[in-house]
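The structures come next, written out as structure tokens.
Presented sequentially are two complexes of chain A, the first with chain B as partner and the second with chain C.
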Partner chain A sequence: MSMQKYIVKRIFQIFLTLIIIMTIMFILFRMMPGDPTAFMLDTRMTPEHKAIIRAQFGLDKPIWYQYLFYLRNFFRGNFGRSFYYARPVYDLVKEKLPATILLWTGAYIISYSLGITLGKIIAWRRGGKLEFGSTLFGLFFYCMPIFWVGLIALWIFSYKFGFFPLGGLKGPDVWSDPSSGMLLKAYDVLKHVTLPLSVLTLAFFAGSMLVMRTSMLETLREDYIMTARAKGLPEKTIRDRHAARNAMLPVVTTFAIAVAGSVGGGVLTETTFSYPGLGKMIVDATLTFDYPLAQASFLFIALLVLVANLVADILYAYLDPRIVY
Partner chain B sequence: MEEQKPRTKWEARIQQWKKSWEMYKENKIGLVGIGLLVFFFVFAVLGFVMPHIDPIYHPMTGFDPFIVSKSPPSITHLLGTDFWGRDIMSQLMSGAQIAFLIGLTAAVVAVAIGTTVGLVSGYYGGTTDTLLMRTVDIVLTLPFLPLIIVVSAAVGKQSIWVLVLIIALLSWGGISRVIRSQTLSLKQRPFVEAARVAGATDARIIFRHIGPNVLPLSFLYMSFLVLGAILTEAGVSYLGLGDPTRVSWGIMLQWCRTTGSTFTWYWMLPPGLCITLMTLSFYLIGRAVDEIVNPRLRKR
Partner chain C sequence: MKILEVNNLRMYFSTKKGDVKAVEGVSLEIGKGESVGLVGESGCGKTSIGISILKLLPDNGRILEGEILFKGDDLVPKPEDEMRSVRWNGISMIFQAAMNALNPVYKVGDQIVEAIMLHEEVSKEEAYERVAQLYELVGMSPERAENYPHEYSGGMKQRAIIAMALACDPDMIIADEPTTALDVIVQDSIIKEIKKIQAKLDMTMLYISHDISVIAETCERIAVMYAGNVVEYSDSVTLFASPLHPYTNGLLSSFPSIKGPLKKLNPIPGEPPNLLNPPTGCRFHTRCPFAQRLCKEQVPEFREFQERHYAACHFAGELSLR
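Right after this comes the complex of A and B.
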């Protein structure tokens, strides 16, 4: 099968998984105690308003009809109105999505490149002080609750030294001032994003480094490494081109497996730093019983995870030419 | 001295355990893990004793009448008091109890589900296998913490047992894959054939003949599941979606944040440190067991 066919197949799979996830959500929110329509109808709404929503989401129809209606609404981008903000959920999600993508993909890219590079070096120089130090360091960050690391970072860098703002993404003084230019705005965002990005990077980094180290040690015992040495190739070439490239494959696989678990770290980091992204929104929506918003945020986070999985699969095929789909 | 032949089944088992312990003792990392675990166990047990010494050491209701606010470490309160004048040390002890409770129960349930699914899937193969493994694929792509958050929104009840159940139901995916691949190779072995010829049923072959052989692997994954469950509970509680009737480390950090005391070091640092050390202990134990179960990793 060619690569394009494979991608089409995978996209179809993602679509299917998404429908299954949505079905779980559908069942879950209809199992709620109390009024089974409460997840769409806020108690503070007027009766007229309730009637409109009921008709719009088919809540007065039989359950199978509601289900189909729910799927159709989703693919049309109609998620209902947020109880708390009294605005269409779609608009709210659209507002928060870029911030989340910036933080999460940024953290994944930086941490995995750092982890792969460092893992490669410490496996190459087996038993050095660097290996001991970075393994210990990585281990601690692997076991630390990420929100606690965030709190400490806030305490030291924002509270004690005042290097970074306490939270948010845009400083009101810069963004409300019409005279501030693009550069100033970019600098402002950078200042806000540095701390959460560093914390999230630290959290993801340890895992990738430890996996890379193990995988690299395994690869270094292969025959083709011996061959490369016998050929008299420079050390650096053997390390980077012969060993590291093959050793990277398990790292990509673990990324695909780990991503579903590690987005939790993104949610916790966003909450700790009051970062206006999807993760903070899902928590706030849940705490204010804003069911349509919580559901939609979840579906979008799930979609991000599925896309990340797809990217990992494509990357794997690119790195390992032996893979034929 | 010649090794005595075991007379009963239990003696044989005890000898087996002793042998495993001898092997485990060689591993320094594993010993550090066990040491930390024993420390937290004692700490958790002390938590039951403290309120009986003086009611002000009760983690939930022990408001110190002389101190009704935050206070730094002192003689009566070794680690200080929280916003309402309750002893932080006693709260930490209560947190250790909750961590053990959640970590172990969630991990046992998840391991039971995962091992059963893996065994059944690997043994029967075919359609059963495909169906079960596709389910695993989906379970593994569900974003874990966000799902727990929405589920807690839908369920509405913030009970520790609901949390344990959700964590367990979401974390058996990885282990079932490992057990499945192990089962695939085990079922080709002669002893399975022998059992079948002797007339053993499928269920008996799965649970009495193949099952015991995959158990070491299950135990290995259990320690990592305990770690994950503890971290997850802490995260959920920190977000304010935990069980507010029990004092866990995550709840402590949530109280610390919501009362605007994030920068009160003697309140913010200890719970996180406890979470780190406890998860570290399970990680180290897991790594040590890993080296025993997979001899390939030894002496490298």
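Right after this comes the complex of A and C.
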């Protein structure tokens, strides 16, 4: 199958892209001002002591040696030890990755389903109240800084009314109690994830909705829509089967672009809600000059974006029979 | 027996600049098994009549008055849901294939099956069986029903669209410029196909085209349109031999004849009027070589001069045409 060949080719491309990203990251972190040892070392330590610690982390070696070492280790799945937590980075990433995948993919799935459905409806009933309302509502959250919306949401729903916890992902009272069942734990996670997920969804959905609306308006002028009407098909079938299916194609294209652009939103949301994901870890690691941890988190986020792009490409080929890879 | 009778139809499009008077007092009747050609320049309202019959008007189009009797039943006051059962089942349409009349993301066969299953209580297998028969009827291999539209050539798409129009065995077919975008060789084979099917199924057809030579080849009767009016309607032979309306005459002299002696073509001077603000009286008076004061002041009646030969001209029969 040519599709399988295409996927193999794309995975190879992803691999190459990752090497480039890793190189850029390596250079970037070494260019940052400050010294990682300053954070973990006591000022009262002797220079000899400092040197020993630096040697332990390989920071005394020449830069090219560090680079090659860094590449080799990455491909062996050895991401080094976090300077700050003094734990293997691999373990830390493994802990945080599921939380990030839950929040980000959740937000994408909900915001795109919502955006596509709303965009479809408001284009079909053009000029209605719903169009005005949802465009205004969507654009408001699209333009507002995500951390501001997040803080307001926290203030209203968590602080004032106490509907949701103030942050985190797992409530300690539920998770430390051995008698808590799966259902209770799931409910606890849901309660924690609702606010950050809603904020991220609100920030994302307007984009897909407006693209879908425009694309739908264009599709409705196509001749096959006239054919569908002439066949005597009911309105809903024309809208969903004939128009929306075609109108979705540009939305998938913009998805691939939007994923890269929305990483910032994800990082900010995680930070605002003290959400224990990769995004928050990146910020913490950067602030503490935790090179290995920051590099690994960046790399995994880059990998998420690349995988999302691959998914978009495969989805596109599935939706449009004219696309042959 | 009359399949379709249009009486005094008036259809306008509202635009920001005012109403576009696309169809003004059009009357037309089509008997069972007849093929009628509707010919006229671009923008004269041919397609507007076609989509008015099926009530597929865009949001800004509206029928102001008139009747569209389909098998004696007036379609104009019919609500959407009742119109849906008339569409395709009663009257189907052949669209111009080059204009994307097929949905690009579905298999062509499935698009035909969709129409069959909508109007008839048949199983999926029976519907696909019907598609195979239809493909053979239009001269295509039935396996091609499994392909997507982009895998077809222009001529094949047109054949598939004809097959789709025949799918529910309609009482009448409206063909809107079905061969316009095709090259002449494919155009010729499609026209032959249409004529063959027409004879075989005794199909009633309204054939819309700007090309009078295509119409002459396919239709027994011809209606000539000018600026929203049908100006003349008769059988093809009479229309070519002794036209009554000066516009028909002008139209005929603007086409070269292959068989006859070589003559200099006589195109009609001027341009078709803007339908936002059409001329008073006879809409053709601004370009008519025989125009009098009466033509500017009074709208000519669409009268029957000989049996089933109608024309809308104050001086029809008195002028020396052809």
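To be clear about the criterion, the second predicted complex is superposed on the first by the 286 of 325 C-alpha atoms of A that agree within 3 Å, B and C clash if a C-alpha of one lies under 4 Å from a C-alpha of the other, contacts with A are read in each partner's own complex, and residues count from 1 in each chain.
Definition applied: a residue touches a chain if its C-beta (ideal position, glycine included) is under 8 Å from a C-beta of that chain, and two chains touch if they have at least 3 such contacts.
What you are looking at is a predicted structure, and each value in this text was computed from that prediction instead of being measured.
Room for both chain B and chain C is found when the two structures are superposed via chain A, with no clash between them. Contact with neither chain B nor chain C is seen for A:Leu97 once the two complexes are overlaid on the shared chain.
Applying the stated contact rule after C-alpha superposition, one finds that A:Ile7 touches neither chain B nor chain C.
Contacts of A:Ala294 after superposition: chain B is touched, whereas chain C is not reached.
Contacts of A:Asn246 after superposition: chain C is touched, whereas chain B is not reached.
Look at A:Val263: by the touch rule set out above, it reaches chain B but stays clear of chain C. Looking at the superposition, the partner that touches the larger set of chain A residues, chain B or chain C, turns out to be B.
By the touch criterion stated above, A:Ala228 is placed in contact with chain C alone, chain B being left untouched. Contact with neither chain B nor chain C is seen for A:Val189 once the two complexes are overlaid on the shared chain.
In the superposition on chain A, A:Leu315 makes contact with neither chain B nor chain C.
Seen from the CA centre of chain A, chain B and chain C lie at an angle of 80° in the overlaid model, rounded to the nearest 10. Figure legend note: chain B and chain C, brought together by superposition on chain A, show a least Cα distance of 10 Å. Touched by chain B in one complex and by chain C in the other is not one residue of chain A.
Interface residues of chain B, counted against chain A in their complex, comprise 137-138, 140-147, 149-157, 174, 227-228, 231-232, 234-235, 238-241, 250, 253, 257, 262-263, 265, 268-269, 271-272, 275-277, 279-280, 283, 300. Listing the residues of chain C that touch chain A in their complex gives 54, 56, 83-89, 92-93, 95-96, 99-105, 114-115, 118-119, 148, 150, 164. Within the complex, the chain A residues that touch chain C are 222-224, 226-234, 242, 245-246, 319-322. In the complex of the two chains, the chain A residues touching chain B come out as 17, 20-21, 25, 28-29, 31-33, 39, 139-140, 142-149, 151-152, 154-155, 159, 217, 257, 260-261, 263-264, 267-268, 271, 279, 282-283, 285-287, 289, 291, 294-295, 297-298, 301-302, 305-306, 309.
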